[in-house]
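Here come two complexes built around chain A, the first alongside chain B, the second alongside chain C.
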Partner chain A sequence: MTRDTPIDIAKSDVFSRCSDVRFRTVVDEAVVLRQEAAEVLVLNEVGGRILELLDGERSVSDIADAVSAEFEVDESMAATETASFIAELRDAGIVSLPVESSK
Partner chain B sequence: MSFRGVVVKTWNENQLFSVLVELTYRCNWDCYFCYNDLSLRGTPLSKEQYVELFEELAHMQVMNLVLSGGEPLAHPDFLELGAKARDLGFVVRIKTNAHALRGRLAERVREEIDPFLVEVSLHGASAQTHDRQTRVAGSFDRLLANLEEAKRLGLRIKINSTLTRWNEAEVRGMFEVADRLELPIQFDPEVSPRDDGDRSPLDISPSSSGLRHLLAVERERAERHQETEREKAVREVARQDSELMAGGGSDQHCGAGSSGLAIDPFGNVYPCVQWRRAIGNLHDRKLGELWRGNPRLDEVRRLSRAAKDTVREAGENGWAMAFCPGAAETHTGSPLEIYDAARRRMELVGESIERESTRALPVLES
Partner chain C sequence: MRTAAARASAESPEFGERFLEIPDLFPARSSGEPLGPLGVSMGLPGGPYRVDGLGEEQLIWLQEQYRGLCSAEPESDDVNETTIRVFGVASEDFRTFDLAGWVHTLDFDYQPHQVRVAGLNIMGLVELVEPSKLVASYFLPPLEREHFLPAFENLSRVVVAYRLLQTGGLLLHSAGLAFNGDAGLFVGRSGAGKSTLVGLATGAGVVGLSDDLNILQRVGDSAITQPLPFAGDHPVAEELLHRTLTVPAVYRLEQSPGHAIIDLSPARALATLMASAPSVNCDPHRAPALEEVAESLLEVVAVRQLDFAKDPGFLELAEFRRHDQRHAD
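Entry: the complex of A and B
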């Protein structure tokens, strides 16, 4: 995925996977199916871990911290990359904000 | 990595990815050519055993769970088990005749299971032909009504049809039924013997002219791009573990016993729904134990590699056989021997390719 629009995600946002999304970690890759569109995406290990953490309970900031710790990435870089990746997942219809907390 | 690449990797690394569960052999239809072995006896798996199995499969990162039968909706715990599968994050597919898929039950399937796909069987373009195969009067009209209703509820549906001598003259009409309903349809061009080896279903195997006709109609539709992109996507994802996905990249012919398994109502575990060579029983051992270090599975995987040679040695159109080691074993006793239906299919597809290239020649020369 590549991104050419500004990241409009707050650190406190709490995303969750859309209800039609199914995913599994298969031989180090995350296979994601969007049932409604019959679309399959394959994410690398870090992407798969972020998707797993998008459980409707953790904030973007919590997830960035986890990525930084688990993959030994600089905190600032983890925060930027995680937010960017979550924005891509949101644009692809894989995650969303709960209605009451969406901006 | 592409999805296809992941599927190939599951084959190569023996990562279980898809499991088909035959919940029951009970059925409200009585199809003439049903492949189930209805004489099979044993202790059915309990609801608790299914729950334990599903939890184990989720832990093993199995992605696809197919609920089949018989008629899976006839299982008393179908909704509860389907909902459990959904909660565990499986991509759930249901193979059903859809006879009971109506009213509150259809709503509950949508709400509580939210399957990726409901695969239903259509056996003809007319009540006369369809009902002749199902041996249930009114099943055709009820199927069409139920499909309309299921679509309205937002269930994603795919039609599966087996080409037979009885319906081969209605192929075009069957495509038209699917088009009217705006549903994808896929034909299986061969009738299988029953799982106990009984060959009587082959009495209604399609004729060569019937198979030629199907190939012609399929080609004609492909040229007209008569399938929508979404219908095509559904078909592609649905056949993710078929031999067509892999082709190159793996030294195995298919994912039987390496990325896929099938389980009958009595807990017998097989490499594939078509390869009825039991590798163990869930009443004796858990699935994870059967999966690891099982010499019977090792043998299946070795045979799958050898089947690749069978196809290669059949010549340049060998792929067109859609060779299935399981079907080969049922037909001939050997998983590596080319069976009549596969050979005929290869010959007819070869003819079709030759006709196409001849037809294209004047264009190429102009």
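Entry: the complex of A and C
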């Protein structure tokens, strides 16, 4: 989870999975199929859980709280890492902001 | 019309816009004027396939190109026989453009019960009539042999991919090597070394299959492949086209300074198969079937990572030595 650019998403942003994205959990990883690009990605357990929570209802902050609680991660670290990961998912075309909540 | 189409393209490309003068006139159903009255049966994987609507020239070209896979037998009694109907359309239906540096691509329009395909001088309609029945229509302008055969093959690759999915198999973008009665399939992103691997292995005496497309199908408790005539840069020997080879493992190629085989997690194995199944892995309506078929295949085939240094040393790995008759006593 390292990025070359600053994380440009807000805690209040509410992302959802793009319409061409399907994912399923296999053992403790998530297989993500992005059909428009014929890409298939594998996420670890935490990444898969974050993607599952990106349902268009929960904010970035809500998801970070859930990650902190479920995986017993320090709140500050969970907030940073979750936001960074969501930014990566956005850059990869896996999640997006609904038009009305984008900045 | 062109101005409107160009504007639409700049915003969001519509199906067929790159290849067709008027995409809205894409044939809605499998009908039209056949190229001719002739037909041929083809023994492609997932078959039988029956190709109808051919003229005399096209029939000869197909028989020359696909040799032993073609037979003049009449339509079979197999209710699940895949039918391909070939219709003629006007050259003016297709856009012309500079082909310098152009790479063959296709436009797809995925619908619940059909898939529309458009490309250079081709329109195709794949109708998934029932879960186990497929009817395809090829709409082709008058073409010389050098253009007809690539057009036919490009559409047939799509048809075989869908037909295999119906029958519990996958068309994999992969390289293949035949060892002693077995085959290994090697998948990987562009540039991973698939063609290099086949070239190195055949140079060392191993029999190469396609370096582009191979099938993987479940038969009982085994996974098998049947060499395809769509062979890429390494044409498959004709005698191999009728053989069925067991596939113990599929390998995901990763460039590396050395050679090694690494087990993949179940999720990575599933992702590897799904990512390597062209055409169907972009189709939202077939995604559940793709997952189901890939999971079923994983019950009978191992999917591993092959760290590949782009030299023939990989053939010395125990995994390949035990299958390779060059090392047999």
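To be clear about the criterion, the second predicted complex is superposed on the first by the 101 of 103 C-alpha atoms of A that agree within 3 Å, B and C clash if a C-alpha of one lies under 4 Å from a C-alpha of the other, contacts with A are read in each partner's own complex, and residues count from 1 in each chain.
Simple rule for what comes next: contacts are C-beta pairs under 8 Å (C-beta built on N, C-alpha and C of every residue); 3 or more make two chains touch, one makes a residue touch a chain.
Note that the coordinates shown come from a computational prediction; the quantities given were computed from them, not determined experimentally.
Of the two partner chains placed around the shared chain by superposition, chain B and chain C are both touched by A:39. Within the superposed three-chain model, A:55 lies out of touch with both chain B and chain C [touch as defined at top].
Once the two complexes are laid over each other on the shared chain, residue contacts for A:75 go to neither chain B nor chain C. Of the two partner chains, chain B and chain C are each touched by A:20. Of the two partner chains placed around the shared chain by superposition, chain B and chain C are both touched by A:29.
Shared contact residues of chain A with chain B and chain C: 20, 22, 24, 26-27, 29, 31, 33, 35, 38-42. In the complex of the two chains, the chain A residues touching chain C come out as 20, 22, 24, 26-27, 29-31, 33, 35-36, 38-42.
The residues of chain A lying in touch with chain B in their complex are 19-20, 22-27, 29, 31, 33, 35, 37-42. Chain C makes touch with chain A in their complex at residues 265-268, 270-272, 274-275, 278, 281-284, 287, 291.
The residues of chain B lying in touch with chain A in their complex are 1-3, 5-6, 9-10, 13, 15, 17, 61-63, 89-91, 114, 116, 156, 230, 233-234, 236-237, 240.
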